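Two complexes come next, and they have one chain in common, chain A, joined by chain B in the first and chain C in the second.
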Partner chain A sequence: MAENKKVLVVGGGMSGLTTAIEVAEAGFEAHIVEKSPYLGGRVAQINKYFWKLCPPNCGLEIQFKRIKNNPRMKFYTLAEVESIQGEEGNFDVTINLHPRYVNDKCVGCNACAEACPSYRENDFNFGMDKTKAAYLPHEQAFPFQYVIDAKTCSNDCMKACVEACKYNAIDLDMKPETVNIKVGAVVLATGWNPYDMSKLDLLGSGQIKNVITNMMMERLASGDGPTKGKIIRPSDGKEVKNVAFVQCAGSRDENHLPYCSYICCLASLKHAMYIREQYPDAKVTIYYIDIRTPGLYEQRFYWKIKDDPKVSFVKGKVASIVEEAGSKDVTVVVEDIYGGGKIKETFDMVVLATGMEATTKSSKVGMNIAHTVDGLVDDGALKKGIYAVGTIKNPADVARSVQDATGAAMKSIRSLK
Partner chain B sequence: MEKKFGVYICKGCGIGESLDIEKLTKVSKRGPIQEEHIKVHDVLCSPEGIQLIKNDIKGGTNTAIIVACSPRVKYEEFDFPGCLTERVNIREFVAWTQPPNDEETQALAEDYIAMGTVKVQKSDLPTPAILENLSNDLLVIGGGISGMTAALEAANTGYKVFLVEKEPELGGFARKLYKKIPTRDFKEPIIVDTDIEKTAKEVESHPNIKVYKSSRVEKTEGQPGLFDVTISGASGTETVKIGAIVMATGGVPYDATKLGHLGYGKFKNVVTNVEFEAIAKQGPIARPSDGKEVTKVAFIQCAGSRDPEHLPYCSSMCCATSLKQARYVRQNPNSLAMIFYKDIRTPGRLEAFYREAQNDAGVMLTKGDVHGVSDAGNGNLFVEVEHTLLGEKAKFEADLVVLATGMVPTTRAPQEYLDGLTAAVAKGDEPKKAYLESTLKPEFILNLAYRQGPELPSLEGACGFADSNFICFQYETRRTGIYAAGTVRQPMNMTEAQEDAAGAAFKAIQCIDHVAKGISVHPRAWDLSFPDPQLIRCTACKRCTEECPFGAIEEDAKGIPSFNVNRCRRCGTCLGACPERIVSFKDYSVDMIGSMIKAIDVPEEDVFRIVCLVCENDAYPALDTLAMQRKQIDTCIRFISLRCLGGMNLVWIADAMAKGIDGFLLLGCKYGENYQCHFVKGSELANYRFSKVGETLSKLQLEAERVQLMQVAIDEYHQLPDMLNTFAAKVKEMGPNPFKEF
Partner chain C sequence: MAEEKIEAKTEAAAEPQVEATPAPEPFVGDIVTPDLKFVNEIMTGGGESLKKCYQCATCSVVCNLTPEDNPFPRKEMIHAQWGLKDKLFSNPDIWLCHQCGDCTAYCPRGAKPGEVLNAVRKLSIEHYAAPSFLGKMVGKPGSLVPLLAVPAVIFGIILAFLGHLNLDAIRNEAGKIAYSSLIKSYYIDGVFVPIFLFAVVSLAIGILRYWKDMKQATGAVPQGSILSAIGETIGEILTHRRFEQCNITKDRKLAHMLVLFSFAGLAITTAWAVLYLYGYEIMHAMGKTPYSWLLGPSPYPLTDPMKILANLSALGLLIGIVLVINNRLKNQEKAGKGGYYDWLLIYIIFAVMASGILAELVRLADIAVLAYAIYFVHLIVVFFLFAYAPFSKMAHMLYRATAMVFAKATNRDVELK
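The block that comes next holds the complex of A and B.
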């Protein structure tokens, strides 16, 4: 097969994995460029999928098995696209590989992490705990290979990790590399970031300890999360008895994200369930504009949560969130749409249902990407042979991202002809 | 092929510190394996270790037993094409989960090597089954936007497509529309022409597409690559050879006559959203009763949808449709559109349309529960609403009321009919006869000549939609090579339907490619093995034909099965179904697993042995993960992985217990509604078979509790040690299996 008869997929989350694996299983070559040290993206951080409540790692395990068994697949982790030049059928791509400082000889034995004296903020858990500077991104990470965070590596430990590794897997002198490949099509699947809480000044600007995001909640509920699955509030580790969810935190707001982020209603319903399962006496209040649970199963999922007498739904826009001095409780002021006036209520913890911001807003992926006025990738303006899939184009859940990503596989192979 | 063995024992990752490797090499010598075949290396996955194996392969070794880590890691290093390779996992299952330098730990490692050795002795490298005269062509059923998109996507990629549409013209539901919300790259909230004529023309003039209008699929026989599809229509009947099928028959609006409480059928000026499209198409919006041009139109959302009495789901497109139709109304600047809703659902980019409507003073959006429509005189109507922002009870007068009716998939009627028939058949011949006489047979879509039924099997909770059961794998159906797309699969809007159609068409061409290479399709999309039954010993019990989750097995008049390899997904459920143990794959068989169990050394004294069969996709990775955390597992447990627990054959349990194994555990995935099994119902089937294990045990006079099935998800590795150790403790409490002494 000619050198350029392959598809480059930028992003190794569920959308990118799907496009790449589907392309490879149709007999074409597919390369994935992923910026983090593991594959799986946001999905890997999720405890359970709504509405089905199954663990995402189950589907990821199959995806990884498909990768392992497919000779036409290649993936780069800790990699970023520097530039994409050329045209449909014939793109030249430059990829920057950041050093992992751990080579392929790594056996995953954990000796380096044990020996390492330095700690780093765990970004996988949104900074809610720490890992060693030599670490495995998460317990079921793929590839099953450690990584060293050079920024937090203290370097004055006499290379304890190198000493501890019996397999010559640690190479602290690893240098950044550049790889050039030729491809026929490019699929952008770089996904989303949770909208930055610090921009939400009415909602505490990210400064209130017991105000967390929905993605943080996902990690709190995960068995491999910072609290081993126990939902406790960050300020004092106290069990939660009374939790509020603020929907559309950033979304459907022209000052932030003008569009609806699709997943936040369903995510909050699921989170209410996480809380109620752990705490039979806890109360949950969901402040919303509209509850959006489109689709075949999602409405019944909503009903299930709605049937719980300890979960209340209040239609209203949250006007402000303040921290109570001393108790660190959080007071929420809501404009009461029905009654008029303002409702004021205090909670142990508040979860902001923050929306999706397209990652292309903050990283260029080797080219200039045009965005719509709403801030999503304008796929109509992309160069021929370059496709956008998943949440950068239109916020969606996993199921809909998978549909879109499979469809993109079709378009991308046509660019190889 | 004569096997030349090589056993490679790794000492790395704590294996060397945990076990007496020298002793291990000595006992590895058994059967055809001689001392010179056994090699030990400090770090087998190192370049030197790999070279050692590669040199042997060059020297003629064709069967490698790698005694090291889990097959889930170092998969690139230990990949030796053309060499039958077995990974014996003594790192995770022994060194990382057992007390070091213990007699029992040593015995465990020895058993794993013995099992691995037997496994390769009983296996061969698979050679693919490639059938002859395969077709590369696609059949698309349904010529609406989904079907036309699927056809164009495949045709533009170079595939020949046969498109069957039951109506005299292409276009489906979209043809009924006046305007649409732009589907592809919309940037602004505008409404545009559907251009359905243009798309239909493109399809009809495409050199790769053959269109059959006013036609239907009369019969679908065969298997992927070799479907014989009989299409009948006005111009006669034709049978075409098809590789794979996209089913895009769409949906129908919910039957509005069931919405009498909203005035439909009672008042002429209550129409559905579909009828309203026709009204809008004709020019100024005139109401049915008297042709008066309307100035006040009320839209009632969720008419049927989100209603347990009608449709328990959200039809996903009605909110945006009403916002669009409000614009039709607002073409007359003096008119008012009133939308009564529960929640406005315009996810993603569609929010722009909602925002636009909110900024239009001529569109009134009111949240509330509509509880009735009543006569306001002169053809006008009152919409009665409760719990609104404007008061507890309110009445709004309108010239015309539009019901935002939801969608019902075309698969629902045949599914309900067939499910009813199945239920009647189960009750006996009389009820069956009565059912057939009293029930109107709906139009079928696929008309499969499959023993398991003519249509896609219904999925619990899917309300008749031909949906996948999996969040991650949207195009999975239980009939291989048949992929559903668009609103027949899930409620969705036109944009989503187009994306969905491209995806389904892609899965169809992928299936064609795999069949041509003799490879399974998802989820074992690399597997070249296939079931090869020894039919001479078949007793025609029909269990395999009934239990195959994909309907891959047919039977002749005598009940003898025939395996359609291109429908097969290689889960091995047939292996577990067969009481005669006649179904085997080259590298997976009843004999193979049975022999592995027999290879376990059962000491005569009071030492316990438990066999645990584990699901490869969920339980096995969970075990690996707990091993990574160095959790301790009772040393008496031996794990054997299965492709799917559906392959569990009761003979294994009987043989194990008769041999003196003290306990038998099955670790499967979650079953029931919202099951997680990637082969549909493997663990559920295992559980069903397992319910019959009591007989076997009581024959042997053993306690039923010695055998247990547990459900475990991939992320439940924290609970797993406790589950396993508790079971082991219980077995020990019961005391040793008395058969040990025999």
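The block that comes next holds the complex of A and C.
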């Protein structure tokens, strides 16, 4: 097989994994470049995902198994694309590999982490807790391999880790590397970031402890999350008995994300379910502009949650959030459109249904990417042989991303010459 | 069996219909007939962004001037979209809005509620104007020339009648340029006093109609003393307390205050000048020696207290109106740029001030033809300002004050921070 009968997939989330696996299973080579130390992307952070409402592993595990079984697949973690040059059928790609300081001998015994004296902010849990500087990205991480964060691990810290490892798995001599590969097609699947709360000045600018994002809620509800799955509020660990959801926090807003992020309504409905399952006496209020649950399944899910008398829906967008001094409770102000008045309500915790922002807005992938007026990847303007898939070109749920990925696999194969 | 079932079903289906309570009365009344012509008028009058509104109610929450109960401007936006003229005109809300622009800045759709309400206010002035044709003319750019031609013709005829066409030779007894020699004050007052009375009567008719409509439509009966509501309103206007509530356009307070107080200063000056002239003339006519401080016909020395007040007010108004222009340009991105109607008043005030100050300077520089020409322009724009006050944005003064009084008297007031 010619060297360039390969597809490069940038991003190892659900869209990227699916594209790469489909390409490989169709008989071509697929290389995945993933920025973080694990594969699985945003899905790995979710507690339960639609439509089966099962934990992320029920989908990811199959994908990982398909990767392991396929000799035509290769993936790089802690890797970023430096440049993509050339044309359809013949791209030269330069990839930067960041050192992990842990080699393949790692068995995941946790001895290094136990010995490690330093801590780092846990970005997997959106900073809600800390891990040691020698850490496993998360409990189900694939590859199941520790990482040492050089930024927070000093020389002494590194030494402690090396001494603790019985398997010679820690290699402090690892250096940043550059890899050059030739591919015939490129699929961009770098996914999304939750919209930055600090930009939402009306909604507390990310400065209020008990105002969290929907993705933080997923981590709070996850068994391997910062609270071991107990939904408690960040300021004092109090059980939350009265929670508000602010829909369209940054979405459908020209000052932020002009488009509807598609998943947030379903996500908040699902979060209402998490809370109500955990606390039978808890109350949930969802403030919305329109509840958007397109599709039969989605609509039925909405009706189901709506039937819960302890979940109420108020039409009106929250446009002011303040923290109560002392109690750290959170007060929201909203016009109750059907009720006819401006109301103030105080809650234990407020969840912002922040939307999806294309990662290509904040990081480049070796080339300049044109965006639509909405700030999403303009896939029509991409060079021939380069494709965009999943949430960088349209906010989507997992199922739709997977469908799109299958299509992208097909398209990219046709670019191999 | 099957038949029975069907029968049972039909019965069951029919039952709720029988039991159902009749639809509540207001439902029938709420079926609206959209007034598309009116919608168009709003859109061409500066509210072209109207249809972008998707009713999220961010505006009502960020507004610091709206009452909590049935807040504005969200409901005004939907009323405007449907062209529900009466709902917009016959309540105090459109005038309680001071066009801070906070709603416009935070509007997620760029629907610019501040600008839309401004356009509705313009139409409201037009609606209550007496005679109504003048209301329509002042709002239309195409009518500007005929409106300016009216005073030009009137003063032109007076000049021709007096035969004062050899401008260079017109001097007073002291040999100085004197505008009172060009057109004697009796002629000036002969025009302006009726014009002033016309404006007062026209405004009074408009205000009374507005008050009657508000009473009828809201069903609210003013409680307590109207006088105390008027007192409070005047207090708020003088201190500009409502302007302080604005966030985006905070700097408007100083500019507007300067304009208002300078106008007050000029009003006092005018009364003072009337006293100087007519006090002198009356005493003279009665055969008495006029008091030495009654200076008689203009011009008056620059050191005279009346002249000092006049010049200070003129300068204040000029600075104020320049600040208004500056603020509008500075804030147009966030708060909206305003329409013809707004800029007409701003430019007329600017023209009044510029021509007034120039007339004085050129007179002192003793350039007769130019001085008289400028004075002629000054007369035209002053005429415009006063004669068309009931139809131009100038009328906001009384309509807004009336709305504030009504709101106070009917307990629909906002608690100022």
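Some notes on this structure:
Here is the rule we go by: the second predicted complex is superposed on the first by the 410 of 417 C-alpha atoms of A that agree within 3 Å, B and C clash if a C-alpha of one lies under 4 Å from a C-alpha of the other, contacts with A are read in each partner's own complex, and residues count from 1 in each chain.
Criterion: a residue touches a chain if its C-beta (ideal position, glycine included) is under 8 Å from a C-beta of that chain, and two chains touch if they have at least 3 such contacts.
Note that this is a predicted model, so its numbers are computed, not measured.
When the two complexes are overlaid, the chain among chain B and chain C that reaches more residues of chain A is B.
In the superposed model, A:Arg252 makes contact with both chain B and chain C. Judged by the touch definition given at the top, the superposed model places A:Gln278 against neither chain B nor chain C. In the superposed model, A:Lys342 lies in contact with chain C only, and not with chain B.
When the shared chain is aligned, chain B comes close enough to touch A:Asn70, but chain C does not. By the document's definition of touching, of the two partners only chain C reaches A:Gly316; chain B does not.
Residue contacts after overlaying the shared chain place A:Met410 against chain B, while chain C stays out of touching range. On chain A, the surface touched by chain B in one complex and the surface touched by chain C in the other have residues 252, 254, 337 in common. Against chain B, in their complex, chain A makes its touches with residues 14, 22, 25-27, 47, 49, 52-63, 65-66, 68-70, 105, 107-110, 139-140, 144, 166-167, 222-224, 228-229, 252, 254, 258-262, 290-300, 303, 315, 337-338, 372-374, 376, 378-381, 394-396, 398-400, 402-411, 413-414, 417. Interface residues of chain B facing chain A in the complex, by the touch rule stated above, are 12-14, 43, 45-46, 69, 72-76, 153-154, 156-158, 184-185, 187, 305-306, 308, 312-314, 316, 343-352, 355, 367, 389, 461-463, 465, 467, 470-475, 490-491, 496, 498-507, 509-510, 513-514, 522-523, 525-526, 617-618, 621, 625, 628-629, 669-670, 674, 676, 678, 713-718.
In the complex of the two chains, the chain C residues touching chain A come out as 54-58, 60-62, 66, 68-71, 74, 106-110.
Those residues of chain A lying in contact with chain C across their complex are 202, 248, 252-256, 289, 316-320, 333-335, 337, 340-342.
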